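Read from first to last, the chains carry the letters A, B, C and D; within each, the first residue is number 1.
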Amino acid sequence: MPTIFEWEKPLVELEEKIQELRNFVYEQGIDFKDELNDLERKADKLRKEIYERLTPWQRVRMARHPDRPTTLDYIKLIFDDFFELHGDRRFGDDQAVVGGIAVLDGEPVTVIGPQKGRDTKENIVRNFGLPHPEGYRKALRLMQQAERFRRPIITLIDVVGAYPGIEAEQRGQGLVIAECIEQMSFLEVPIICIITGEGGSGGALAIGVGDRILMLEHAWYSVISPEMCATILWKDVNKAADAAELLRLTSTDLLKFGIIDDVVTEPIGGAHRDHEGTGRQIKAFLRRHLSEIRKVPTDELVRFRLERFRKIGEYQTKKLSETQVEL
Amino acid sequence: MKKVRPMLHVFRNKPKYATVRTNKASQDTAEINSSHSGQTGDPQWTRCDNCSSLIYNKELYKNHFVCHHCGFYFRMSALERLQLLVDENTFQPAEPLVSVNPLDFPGYPDKIAQCQNLTQLDDAILIGEAKIEGYSCVLGIIDFGFIGGSMGSVVGEQITRGFEYGIAKQLPVVVVSGGGGGARMQEGIFSLMQMAKTAQAVGRFKQAGLFYLSVLTHPTMGGIYASFASLGDIILAEPKALIGFAGPRIVAETTRQKIPPDFQTAEYALRHGMIDGIVIRSEMKATIGKLLSLHL
Amino acid sequence: MKKVRPMLHVFRNKPKYATVRTNKASQDTAEINSSHSGQTGDPQWTRCDNCSSLIYNKELYKNHFVCHHCGFYFRMSALERLQLLVDENTFQPAEPLVSVNPLDFPGYPDKIAQCQNLTQLDDAILIGEAKIEGYSCVLGIIDFGFIGGSMGSVVGEQITRGFEYGIAKQLPVVVVSGGGGGARMQEGIFSLMQMAKTAQAVGRFKQAGLFYLSVLTHPTMGGIYASFASLGDIILAEPKALIGFAGPRIVAETTRQKIPPDFQTAEYALRHGMIDGIVIRSEMKATIGKLLSLHL
Amino acid sequence: MPTIFEWEKPLVELEEKIQELRNFVYEQGIDFKDELNDLERKADKLRKEIYERLTPWQRVRMARHPDRPTTLDYIKLIFDDFFELHGDRRFGDDQAVVGGIAVLDGEPVTVIGPQKGRDTKENIVRNFGLPHPEGYRKALRLMQQAERFRRPIITLIDVVGAYPGIEAEQRGQGLVIAECIEQMSFLEVPIICIITGEGGSGGALAIGVGDRILMLEHAWYSVISPEMCATILWKDVNKAADAAELLRLTSTDLLKFGIIDDVVTEPIGGAHRDHEGTGRQIKAFLRRHLSEIRKVPTDELVRFRLERFRKIGEYQTKKLSETQVEL
């Protein structure tokens, strides 16, 4: 039973009607060409209207659609080959994070990303795509390996957050996120981060420090989930839609803020309605951005990456007259 | 969007323009406006959060904000912490910065104004050059009383400038952290990005071969712990300070497991290898001084 | 003390002076003297260590030394492994070295002679330049049949020279390990020091930006695991291979705890993050080839 | 009840006799000066004879004497100050390994070593001085920290071996030893390793890669313990003394082999009979060797260190005529 959002319903109904009519025409052999074209035009218009008007909360829900491609799906869609590598060489192999060497246009790249499951069984193995510290340590190990072999790094980000569990805390969840962020910042290879679905706070940023940060159209990226924000603000998780509005977490907002570099447009209706089309889109964006940053000398690459983040922040210098308060 | 300063503006080099009362002085003026925990409304008295004893503020100051009935550590304001740690009249604060409202988040400016009033700070950080036991350093202190000690653009920028100033002047950096959730929700993605900015500042500072001492006080959580606070060359903590990434309530709700009794305390962090040591408050200044002396 | 070669003597550059039978050829001459496990005395037949089935050697060769009754992996000799992995007529062995008896350990020379006879090797390693799926590399293979595949001076020196040759010729290195205890007791401290020597060789090789693939076969323990074998850029293992530092019996005696059923197996190592993957024997050659192609 | 070895007994008896006589002389006020001097001379001669004739196995037992100073004792005896640092920042704080910053002649150095307990209670906390992987990771972390601050590293080695436990294996005991060895080899600071008691195999070598390797007179260092060697050779742990003979594990042997650079002579009777004297000896040796290697430029230091180990190994090149065997 596929998930159909309430805003998709008129569209789905219209599409069904068109299909019925088409079947009828085919069976009866009568000429309904004009009427069908009219209907198709109407459907196109409706699609455009619906997806242009999506609220931030609706886009959050798009990002979470159960049929949306997962990281391993994207890897299959985008790359020619993939050799998965396992383990942090310290404690474990976190299945909530996948990584390995993939081939893009004949060139090896290192690809890393959190991995959600498709069903309950898979989700238990993948811990619902919520990484433990060893998942981040695996990511870091593979990134350092990529640097040794001058392979570009592609991170595919779709994660609600780092796992908030007892053992995860015990083994240094906060510390490992900090280490990932710090060390990723100085890696002397091109890094492209693509937020494909959910970009949940520090758990996403831990693998989100790159030379290009791209975002799928209906992905979200925020310091806090809309649900948790609503709980803090109004003690009411049901007001998540309002919180999503406040947080400015859509690709449109983040492009405007200069936090991301580009928005990968999804096929109309979203990635879950057209996996292949989405894969092709990502691949095209990836190629373009990668070929651009491959041209940058390594030392400049790191300098630009640091400057990029150095500039982020919105504040004012206090007028001196105001500061003469005795502390 | 407000136009912001785009590049590495380090601390002002002007002579100090603010003075801070020292321990000695404050004992005589115990009614200093402050945001330490246990406030009673009466500026002379504080109530212990743990054993409910009423404590005369002069006594509390003398005892480094530790309850002399039960040993409870009061949360200290940044100003009180400053008095505890720095040598008399040696603190030179950095150029003050104030928050804007980049997301037009409703109520945020009011909240800022309120906190500024309460803490006498511009934002959740007090930072500047100081001497501790005679050793010069950059000292930053997070104030929990300012929106839970969360890191917005101002805290992120000040921490970053602090490390940059340290590089420019070849000074060690000491940061005393104590932030509840870490992130400042009201600044959304800008808050999150401060984690990257400050972690990178630490990285550049370390590459310059300089010494960074991170001191964790109750509570150091979320985005503050998951960025600069856990990247110290040496990490010390106060006894029983809460240290972690996810809040204990979220952990309990998510895992539905029994939470260990000392979960996410300094003692727990020490046992699990995350910090170098636990230092009691009365010895913190001497300990910092010693570590600075070992990294000249 | 015998005088030893003091410095970096890399592989001879002369044309190959030894040929090795390929898979194809060996199927016709299944009675090759060999040290794989399950020997029956009859050169035509091998008995499965696991299910006790008698297997015709031709069949065993065809099936890559895996029992087609129960799937058991026979321990392979270095020569058999070489045939499994390298392209026909591409192996050029390194300059042969032989052990001396630095501690005058009683019975050691006899033991060496015995093992040389049994394995047709000079010591517990077969190493040289080879092609795998068309890709040139340095390939080293430890032979368990030679004093348990332990590392004395010869193994340490050959491994070290292998990495040095890799640096000189800009070639990747593949080492297939399989040593029981790791250390060669009879060479005492000299054996221990080979751990340092080989680990340093790996370190210099990595600094040269070259690719080292470590393949762990049953069993890879002790000083071999605790030096070059665990330092691969990528580490693969055969199914069920025993991998660890301390032997399982010592662990059982020391801890007096219940040993997990798959303790120290490849599957256990994978689950605990110590290896990159498990590769079945019939796919090992193709997998190595693929990884070499990804690191040109 | 102090441990007295069988070979110490005649000496201890003679010493007691002398003490009795001395008490008697003091009480009675008579002149026994010559007799006392004779006895002292006899005791000196006996001491020298005993300790020059010690078998390897007796020296192994000296190294294990329960009153022999532990690492923390040595740190107190040798250095002016010590600030202990904890944890591997990954998993735990292994109390079987101690480390921190110490001061030698006003200069900070990093000191690291396995730590045995003095009694059962302490030994449980210290796991009998048998490190887990996190102990080695702590050591490595502190060594890397030392490098950042250009502090020399002193390792004090007294360890039967890395702990052979289930969890230790699970968390990569072998792998962490290899990493320690590799990374220690390339650290750009002076490193002095002192085997103070037991130098047990990989567990000792993991922190034993240095520019100078010193050994206390009655310490041992071997690829395998005499007990385990005896068990393998003769299936009889009671023949450990014979195995100790074969393994050539004494400071005398290892100096001859060129494995160690210097033997720190112990006060007569061994370190357990004179802690202060032993501390003074180590300090003197440490000062001398440290001042020598401090003069070596950093890049040469690493080059020399690598060459030192590169040379170790005893083998022969096979005559070519012998190699023409068809493989």
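Details
In this text, a residue touches a chain if its C-beta (ideal position, glycine included) is under 8 Å from a C-beta of that chain, and two chains touch if they have at least 3 such contacts.
From a predicted model like this one, the values you see are computed outputs, not experimental measurements.
Among the remaining chains, those touching chain B as well as chain D are A. Remark: among chain pairs A-C and A-B, A-B carries the greater number of C-beta contacts.
Comparing the CA-atom centres of all chains against that of chain B, the greatest distance is found for C. Computed centre separation for the pair chain B/chain C is 55 angstrom, with centres defined by C-alpha atoms.
Per-chain CA centroids place chain A at a distance of 44 Å from chain C.
Per-chain Cα centroids separate chain A from chain B by 33 Å. Residues of chain D in contact with two or more other chains: 89-91, 171-172, 175. Multi-chain contact residues of chain C, defined as those touching 2 or more other chains: 272-274.
Because contacts link the chains in a way that matches no line, ring, star or complete pattern, their graph is best described as other.
On the chain D side of its complex with chain C, the touching residues are 162-166, 168-175, 177-179, 181-183, 185-186, 201-202, 205-206, 208-209, 221-224, 229, 232-233, 246-249, 253-254, 257, 259, 306, 309-318, 320, 322-327.
Chain B meets chain D in the complex at residues 206, 209, 211, 233-234, 270-277, 290-291, 294-295.
Chain contact summary for the complex, chain A toward chain D: residues 89-91, 171-172, 175.
Against chain B, the residues of chain D that register as touching in their complex are 83-94, 101, 103, 108, 134, 138, 145, 148-150. Residue ranges on chain B touching chain A, taken from their complex, read 1-2, 4-8, 17-20, 79, 93, 95-100, 102-103, 105-106, 120, 122, 152-154, 156-157, 160, 182-185, 187-197, 199-200, 202-204, 207, 221-223, 225-231, 243-247, 250-251, 254-255, 257, 259-260, 263-264, 268, 272-274.
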